[in-house]
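Across the two complexes that follow, subunit A remains constant while its partner is subunit B and subsequently subunit C.
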Partner chain A sequence: MTSSSASARKALSKIACNRLQKELVEWQVNPPAGFKHKVTDNLQRWVIEVTGAPGTLYANETYQLQVDFPEHYPMEAPQVIFLHPAPMHPHIYSNGHICLDILYDSWSPAMTVSSICISILSMLSSSTVKQRPEDNDRYVKNCRNGRSPKETRWWFHDDKV
Partner chain B sequence: MAAEEEVLAEVEAVEAVYGGDCLVLNSFPPHLHISMKPRTADVSFEQFVEATIKIIASPQYPKEPPCIDLVDCKGLDEQRQKHLLSCIREKAHELSSCLMLVTLCEEAVEKLSAMNHPDGDCPLCLYPLVPEDQQNETLPFMKLMSCFHCFHSECIIRCWHWLQNTKETDSASSAGAAGRPTQNMENRKDMHGKMKEGAGNCPVCRKPFHAKDLEHVLDLVGSHSSSQSSLDSKLPTGDEKLLVSESEITRRLKFEAILKLQEENSGLIEPKRDLVVLPGMFLPQPVTTSTKESAEQQEKDPSAVASGKHASGNSNGPSSSGHRNFGARKQRVRSDHHSKGHSSRKPVQQWVRKENANGK
Partner chain C sequence: MENKEAPLEDGEIKPMSVSMPDLDEWGNFGDDDIMQQQSAIQAEEAKKVPFIGDKEPLSSLEAEYQSGSPILLEKIKVLGEHYAAIRRTRGDGNCFFRSFMFSYLEHILEYQDQTEVDRIKAKVEKCSKTLQTLGYLEFTFEDFFALFLELLDCVIQGKETSISHEELVLRSRDQSESDYVVMFFRFVTSGEIQKRSEFFEPFIMGLSNTTVEQFCKSAVEPMGEESDHVHITALSDALGVPIRVVYLDRSSCDNGGVSVNHHDFIPVADDLPNASTCAETNTPYIRLLYRPGHYDILYPK
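Showing the complex of A and B:
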């Protein structure tokens, strides 16, 4: 009942629907560099392929992001996780959860899937070491019941990656 | 040297025209910063753009055209900035070897005036603020004074209500979470510290704005707009009641005086006034969320954001929110609001505020 995966499954509101259709069109015309939207007929869940930027630790590696939109998108942030296998990164847990403030507290309804993607890519690009967050095991164990990262109480470290 | 005197006289002329908006960093060779507003914007709510340009001339001026650049601007995206600059620079080349400072400034103001409309899409719904083709209706929109970012009134109000509601939810859940480590509480304050009572942040640039800005819109949307005879056809009065809750009405009254003042002090925003509303017209994007949605909303759990240590263990299930009835409030009214195929790209007419003619 309280899980946001349940609420995420709630149909998109009309406002959310219109907004997402608009984003999708915009994406098709002008996709963010390094990303590919995998076409499905599901507006509420986007799967996006991201390729690490050249010259970074993740160059030529490809990962998949899963973006689930809540009923009241864009007022509520979408849930964004990496599908298995998630990139090794100090802010990315092995279950795909991403510690990135704009996905939670710092979300603004003026942000778009595109702008999220750009933030995620820049987070990857600025990484200097391929490793999991220190508390990875503990965190992942706590999430075993399929908890959404949006229910996590995140503590955002500085941006030193 | 005669030439230098002429140039100095020219700088004086620019100063005379632009007064305090003209900053002379150097008289010869001229180095000026000039802040410009569109000619069509005598009052703040008719203004959607502004720019400060710098003109730096060499000792060879006017044989050599001066360098022109933007120091600062509001309401202009990159494309429009470029356009503005290239127009002025072009003019400078055309006028090569003539004294041109005054003319260049005029050109800049001219261009700025032509651009005095919000450009692009509403950052919240991504639909155009001013539709390109005149088939589409123009929805009322507003501007945040601090940054000139524009939104459909309806979109920003919806956003506002959401924030207000999230805040309530948050304080409710933090009350129930007294046992949590203080660290969490502090971080919570951090996150929402920006959203103090009566203030919010621009969704685009996060500059703070105040409730008053939105109150003003509510004011227009509610009683004011309906009192305009040109809008008489549209709203059953009953619907207006949905727009503002009791507390909002109270607050509105309370702020009325301040609003007046603020309006005069260039406090605010104004949706367009030349709306022609026809009954039974529908919005390009359906916005009626209606009662069903608000009912759903009441069941819905807020995803209250709290914080832990990096990722902390289990969060308590977020406590259930009280009533979330903001969703449906205003939308009905707005959905009947329309403008009809007016000439949407004629700033001069478009932004004239009627009341203003009567002198304020």
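Showing the complex of A and C:
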């Protein structure tokens, strides 16, 4: 997803705005371990720094997550991608798209930015090999026109990593 | 449940965790247009049936099977002995919750049962406590709870905010409002299942081979995940509202006769309302028609 198409998105609804403000407060009081969010005046896009957990393949490495919230958050899932360079991981494409069910079909309004972050860190931590998904090149080529990962029809059937 | 065609289709659980795209599948849809076309078809299909349809005579159900199974036509006749009308809901995976929402609020609107409103409000308060005890942050569910309570107040007449039956239909068809109430029920259901996890565990293991918590995260809380008897039992217990589900399927009786099975979900004993309208008869006023994979609302004669 390119930044241009994300910013063209509709403004947050009132209910989304309220909810995000509450999430922001909660984050400030109780940030998930391993994550830093530089608070800006842009409530609709959060850029979050993630540091690999000690003792894992990504220990001491730092990456950036970009979280874009749709008009009808939290009924709709946020769009979450890694900014360049994305970590080498069997479920993370070189364009930053992440194959993780809770970001798409299994999203629920019961989740929060914080719980997403914890899931992503857990996904990184359980990886045993630093490599791209096998179909990386084909997928990334397909996304060249700036397609959002939310428009991808994901198939989740590997639960080992 | 005595029914032979237990709602298996509803029990399907998507894989839980982080996964890889299927390589073969990728080859099939390299073109972005296919994706767009697919969602366009889905949207088109969805528009044909509103979230909550109009009340239709039962004969409309019969018309649907005119060239179909004789067993079903027979069963619809039997159904016609007790039921007069059907109200269809959209088959978007939320049909059980949506049917329950409308049926319940319509009942309150019709009977102006303030005692029941007070009773359920106390239950809702308990559900909120349950979620907090389970570790849910209040801000993740409070908006959904607030919207349901607001609608509940609106159907009681004589206030500035009161709404008519017509308005209730309209609001149930409004996506944002309707979905928020569906989500409220999903929270309530999830909370109840987790609160009584030792009770629900064997049923969940039978359906999906996942833990209770995983089941709630993947098959209760996300919108569009279909419901079966676990969800119905939990919602009925949590809110203390009995629910009748009438099964319309191709199964036939051993003696050759045709009958229509139903199952009453009666809230666990100590939670039964004392003064509510349903207490004297114990017959559920929420009546849903189940056809494999889908729930609609039924109206008695």
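Everything that follows uses one rule, which is that the second predicted complex is superposed on the first by the 153 of 161 C-alpha atoms of A that agree within 3 Å, B and C clash if a C-alpha of one lies under 4 Å from a C-alpha of the other, contacts with A are read in each partner's own complex, and residues count from 1 in each chain.
Rule of thumb we're sticking to: contacts are C-beta pairs under 8 Å (C-beta built on N, C-alpha and C of every residue); 3 or more make two chains touch, one makes a residue touch a chain.
From a predicted model like this one, the values you see are computed outputs, not experimental measurements.
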**Prompt:** With subunit A superposed, do subunit B and subunit C clash or fit?
**Reply:** clash
**Request:** Report for A:Tyr139: first if it touches subunit B alone, second if subunit C alone, otherwise both or neither.
**Result:** both
**Message:** Just checking: does A:Met75 make contact with subunit B only, subunit C only, both, or neither of them? Give me first, second, both or neither.
**Reply:** both
**Prompt:** Looking at the overlay, does A:Thr128 come into contact with subunit B only (first), subunit C only (second), both, or neither?
**Reply:** neither
**Request:** Would you check which partner chain A:Lys10 touches, where first means subunit B only, second means subunit C only, and both and neither mean what they say?
**Result:** first
**Message:** Between subunit B and subunit C, whom does A:Asn60 touch in the aligned arrangement: first, second, both, or neither?
**Reply:** neither
**Message:** Contacts for A:Lys22 in the overlay, against subunit B (first) and subunit C (second): which applies, first, second, both or neither?
**Reply:** both
**Asked** Now for A:Lys150: first (subunit B), second (subunit C), both, or neither, which partner does it touch?
**Response** first
**Prompt:** Looking at the overlay, which bit of subunit C runs into subunit B, 57-65, 183-191 or 255-263?
**Reply:** 183-191
**Asked** Shared contact residues on subunit A for subunit B and subunit C?
**Response** 13, 15, 18-19, 22-23, 26, 72, 74-75, 99, 105-106, 108-110, 112, 133-135, 138-139, 142, 147, 151-157
**Message:** Considering only the defined contacts, which subunit C positions touch subunit A in the complex?
**Reply:** 14-23, 25-26, 29-30, 32, 35, 38, 136-137, 139-141, 143-144, 176, 179-180, 183, 186-187, 190, 217-218, 221-223
**Request:** Could you pull out which subunit A residues touch subunit C in their complex?
**Result:** 13, 15, 18-19, 22-23, 26, 72, 74-75, 90-91, 99-101, 105-112, 119, 123, 133-135, 138-139, 142, 145, 147, 151-159, 161
**Request:** Under the touch definition given earlier, write down the residues of subunit A that touch subunit B in their complex.
**Result:** 1-4, 7, 10, 13-15, 18-19, 22-23, 26, 70-72, 74-76, 93, 97, 99, 104-106, 108-110, 112, 133-135, 138-139, 142, 147-157
**Request:** Name, in rising order, each residue of subunit B that touches subunit A in their complex.
**Result:** 123-127, 158-159, 162, 184, 187, 191, 201, 203-204, 206, 285-289, 293, 296-297, 300-301, 303, 305-315, 317-318, 327
